[in-house]
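One chain, subunit A, appears in both complexes that follow, with subunit B as partner in the first and subunit C in the second.
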Partner chain A sequence: MYRIRFHGRGGQGMKTASRLLGTALFKSGLEVQDAPKYGAERRGAPMLAFVRADRRPIHERGTVVSPDLVLVADETLFQVPVAGVMAGVKASTVLAIASQKPENVWRDRLKIDSPIYVLPQSEAADDEIPDVSALIAGAAARLTGLVSQEVLRQAVEEEIAPYGPKAVAFNLRAAGEGFGAMAAGEGSVGESLDQGADSYDKPDWIDLDLDLAATAAPNVYAAANSVLVRTGLWRTLRPVLDPENCGKCVWVCGSSCPDGVIGVDANGYPDIDYQHCKGCMICVVQCPRHAFAAIPEQDAAEAAQAAQMAQMEGTAS
Partner chain B sequence: MTESQFKAARDLPSNHLLGSGTAMCAGCGGLGAVREVYDVLGENTIFINAAGCMTLLSVYPFTPFRGSWLYTAMASAPAGAQGVRDALDIRLAQGTLTKDEDLQVVVLTGDGSAGGMGLSATSAAIDRQLDFIYLCYDNEGYGNTGQQTSAATPHGARTATDPQAGGLPGRKKDLFAIWTANRPAYAATALAAEPLDLARKIETARDLTGPRLILTLAPCPTGWGFEPARSVEIGRLAVRTGIFPLKEYIDGRVVHNRIPHPRLPVEDYLKTQQRFAHLFEPRRDEKRIGEIQAAVDAYWQEVEENNA
Partner chain C sequence: MTRTLLTGNAAAAWGARLARIDYLPAFPITPQTEIIETVSRWIADDEMRCRMVMLESEHSMLTAAGAAASTGVRTFTATSSQGLLYGMEMLYTIAGWRVPLVLINVSRGLSAPITLEPDHNDILAARDSGCLQFHCATCQEVVDAILIAYRVAEQPQVRLPVIVNLDGFSLSFTREPVSLPDDETAARFLPAFRHDAGEFRGGRPASKAVAVIGGGAYSYFRYETHLAAMAAIDAYGEATRDFEQLFGRRYPSIECYRNDDAEISFVMIGSFATKAKEAVDRLRDAGHKVGLVRPFMLRPLPEADLRAALDGKAGIAVIDQNLAPGRGGILHGEVTSVLYGLKTRPAALLSYIGGLGGRDIGVEEFFQIAADVRAAIASGATPAPRLLYTQSELTDMRKMQAVAHVEAAGEELAS
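So, the complex of A and B:
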């Protein structure tokens, strides 16, 4: 059985990617399951989808815990523990990452021997969260070596048809791009055997330690305990204030923020709570003086990390 | 009535009662309205939540509220509000609850419940003159389940259940008119994108007793198809194009408190959203755009005639 997992953010099209691959594999003569897994999460929140494919009937159910292929649409998800990108990844698991960083950087970072393929990201994405469903599905199809480009084309046409000819054309191009980019890895995904129930790892919640229990079960009588949920993880862009341009009319940005995460600091400037800001960018658009810039979250995180390193070096010397 | 505490936008609350960390979509136009309602009504508020998007506000064990929240099935939020109001009144009568501890009872509902299966219970609650605020966040579809058509979906919009070329053939149900026909204590339309107007209306509603409607338009990035950053701008366009009239029903009269002047063409609003994209591409659907514009023109002409 082939077990394939897609990781992305809500809005990137991983549900569609799993559907496209599922349909392509089905058309190639395999039994298929495809399903997305998400809960109350919204656009920007980490989510996953998975596909199982086999030449025999599939009796396994539930999320794929031991994947043969993992595709990652947003590289920032590796830093998000709840996304579980690396969960169950073994030496034979093939990884495909949409990234502008080369394969050796990822090998260094992840410290694993698994085959890693990098899927170049196209630059021309205007959207805050670009839909990369067909790109990722095309890559997955090639890596399994089970789907011809013609069958992939049929699957995309069939699944995307309800969205109109423009969407079909866009997705056919993207699927072809993903398929083409993975030529070097064609057929590199191996099949793994059926797993008996006894081979599964014990769920981690059985040995829940006390600290985790405190977070997992907060005081339900506490007022507004939703602040324990860090919705800042949904963000792909970060609004950053330039105090030079700020007119301190904090009621403008403050009352336009749906989540109410813009407060006022001691000097009268807006103060964004990045633990909870979902990155909607309404403040960026609404500020009459254009004092907020929208910075890609990854750049912002890297800049913060660099500043921290510089500070540590400064203290050391 | 005493003078408003909200004279200018700078008087709007900058500290918020509603906790962050909720599962509402980034850029949710409904959440901003709920947040402001809570700020103006204060902590002594209990929300009776009809099933809908806002179900996800309070997913055990987390809550953004500082007090109680009662969750009901889609059709029964006003009935739930009746039970809560009765219990509070009994305790007030018994003297086990002081006047200061009394709670404002607020139904929180989406348009799916408000214009559809919840309508019967709402109508009955108004008949009984139930003392409650009915806060509807209208995102013009069943947003929580993938934007299927609701009673509040506008003419021509494409939804998950009306994907055909022309979009929805039917028309948006007028919940405000249904309410005012029942002669409530108060009814108002508002939206988070006009926070000062919203704050004043909640303030007015707060100080009245009886059934009170706050109907807010809730621009929905996920269901309407636009970038979350444009949520406030699109809400304002709904007002400036005259598609969403800001009005109040008080003392038995409807007053329009913002007559857009100049009134922008409806397409300025329609163009911003994917659900109306088929009106412009591959070619302009002059007939349907004309129909939508004509309906809005007719509405405002009637308003002007009534005012004259």
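So, the complex of A and C:
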């Protein structure tokens, strides 16, 4: 059985990617299962989807825990433990990452021997979470070596048809792009062996003890614990202030923020708590002076890192 | 302790009074309403200190009850039949909240067709809710069960709601002698509810009943609810031992009547089980070794006690006052699973459905059931489950259908 997992953020189209690949594999004569996995999160939050494909009927269910192929639509997810991108990744697992960085950088960062393919990202419109479903699905199709470009085209047409001809055209192009980019890795994904009934990892079952109700009721006693939920991880665009344009009317942007994460700094400028700003861009729209710019999160993170380094060097010298 | 004539509903009100309840959310439904009316009169007359609130539905009523109980106040409420079903979502929910409270259900058959008289399909619909269940057979048991229920529910190991069931009409509106515990002894048996760390309090914010994503977390809470319900078996044993010491009345989880040397046992729950007692006495008079086994506590199911009561019998008849369409008797299934695996389990295990919507079960029917069991033991063949119904009942039914022009409608359809 082929087990494939897609990681992305809500809005990036990972569910669609899994359906595109699922349909393409099905049309190629395989038995298929595809599904998204949702939590209570919203747009921008880490999510995953998966596809199983086999020559025989598929009886396995639930999340793919031991993947043969992992596709990552947003490289920032590697830093998000709850996203579980590397969960169950073994030496034979193929990784495909949408990134501007080359393969050797990733190999160095992840410190694994698995085959890594980098999927160059096309320019994203910067006012929304880019939908990369077809790009990723095209790449996955090529890596499995089980789907022809023609069948991939049919799958895209079938799945995207309800969204109109413009969407179909866009996705056909993107799927072709993804398929083309993975030529070097064609067919590199293999089927992993199933656990044998005589040589399995014994489940570490326990006999659960009775806990008193104060412990065993679904209660949270910690005060103000919502700060522990780093909703900043959901952000794909970051509001960044240009102090030059700011009129210090923080009651305007501050009261428009649905998460209440805009404070006031010592100089009277808005001060955003980026740990919890989820990047809704309401402040960007509300500011009468257009003092906030919406910067793609990855660029912003790198710029912030560079600034920090510069500052550290500055203090060192 | 005074002996007085009380209806089952009045007994339930007395139970609440003796338990010194703090809060009573309410919504009326026949045949339960009297309980609430009685308590509200006592509150108005300053005979009870309790806050009573009328809610707009049983769903809200149970929500209010669960929320109040989570603050550590002693909470009581009552419903019946359709009302229980209307609040069903919250029944499961408050069990998950792990809050102690007592809910009275006055059993009444379920719609459709809608009816007023009792059977146990309402209360058994709540069987798997996580709420514990006590099934009363007399008005005396109603008062006592409420006190015992609070003791068990409030046990730190348990902390689950308890539903005390009494049958509509045959208990709710029926007066019989009841020994009322005095206030002082009742308070000795059931002290004030002791708050603990889990309680919700002003000035100490907490989130109760949070959402979880992921089967591992969800399973933990569900398993713990199960373990707490199982812990209620010991808590019940302890509470009823104290109860017997103070009041002299015994409440085994499974009541066995003339069952020790019985070859055949009837198994029943609720007030119609006293009819079975009567039948047992007369069968004994005629020389037949028959007994009665009556689970008082149905959740948790005291499997060991039930096994001990039934193991080694030659034959058993489970008489279900409920019907799971497409399956049969609910109690029959439970008893069967308890007996499975016993080497000396009864060879004959017969299933009867009766008493639906208050339909009587005549003493002659019990005699015939006993005869059926004897025949099954002799022949080794178990007859099909029987739906108790007589020719004269069908004749009456046909008359009603004639008045309703059912036949004409049938012919129209056929043509």
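Criterion: the second predicted complex is superposed on the first by the 267 of 317 C-alpha atoms of A that agree within 3 Å, B and C clash if a C-alpha of one lies under 4 Å from a C-alpha of the other, contacts with A are read in each partner's own complex, and residues count from 1 in each chain.
Heads up, the rule we're going with is that contacts are C-beta pairs under 8 Å (C-beta built on N, C-alpha and C of every residue); 3 or more make two chains touch, one makes a residue touch a chain.
This one's a predicted model, so the numbers in the text were calculated from it and none came from an experiment.
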Point to revise | Superposed model, subunit A: greater residue contact from subunit B or subunit C | key: B
**Study point:** Partner chain in contact with A:64 - subunit B first, subunit C second, else both or neither
**Key:** neither
Practice item. In the overlay, answer first, second, both or neither for which of subunit B and subunit C A:223 touches. Key: both
Practice item. Once the structures are superposed on A, label A:151 by its partner contacts, choosing first (subunit B), second (subunit C), both or neither. Key: neither
Review point. Looking at the overlay, does A:181 come into contact with subunit B only (first), subunit C only (second), both, or neither?
Key: neither
Review point. After lining up the shared chain so the two structures overlap, which partner does A:83 touch, if you call subunit B first and subunit C second: first, second, both or neither?
Key: neither
Exercise for review: Show which residues of subunit A both subunit B and subunit C reach, each in its own complex.
Suggested key: 40, 217-218, 220, 223
Practice item. Enumerate the contact residues on subunit A facing subunit B in the complex. Key: 40-44, 127-128, 162, 166, 217-218, 220, 223-231, 234-235, 249-252, 254-261, 263-264, 273, 276, 278-282, 284-286
Review point. Considering the complex alone, what residue numbers of subunit C touch subunit A?
Key: 96-98, 156-159, 196-198, 204-213, 220-221, 223-225, 227-228, 231
Check your understanding: Touching subunit A in the complex: which residues of subunit B?
Key -> 9-12, 14-29, 31-32, 35-36, 56-67, 163, 192-193, 195, 221-222, 227-233, 281
Review point. What does subunit A use to touch subunit C in their complex?
Key: 39-40, 208-221, 223
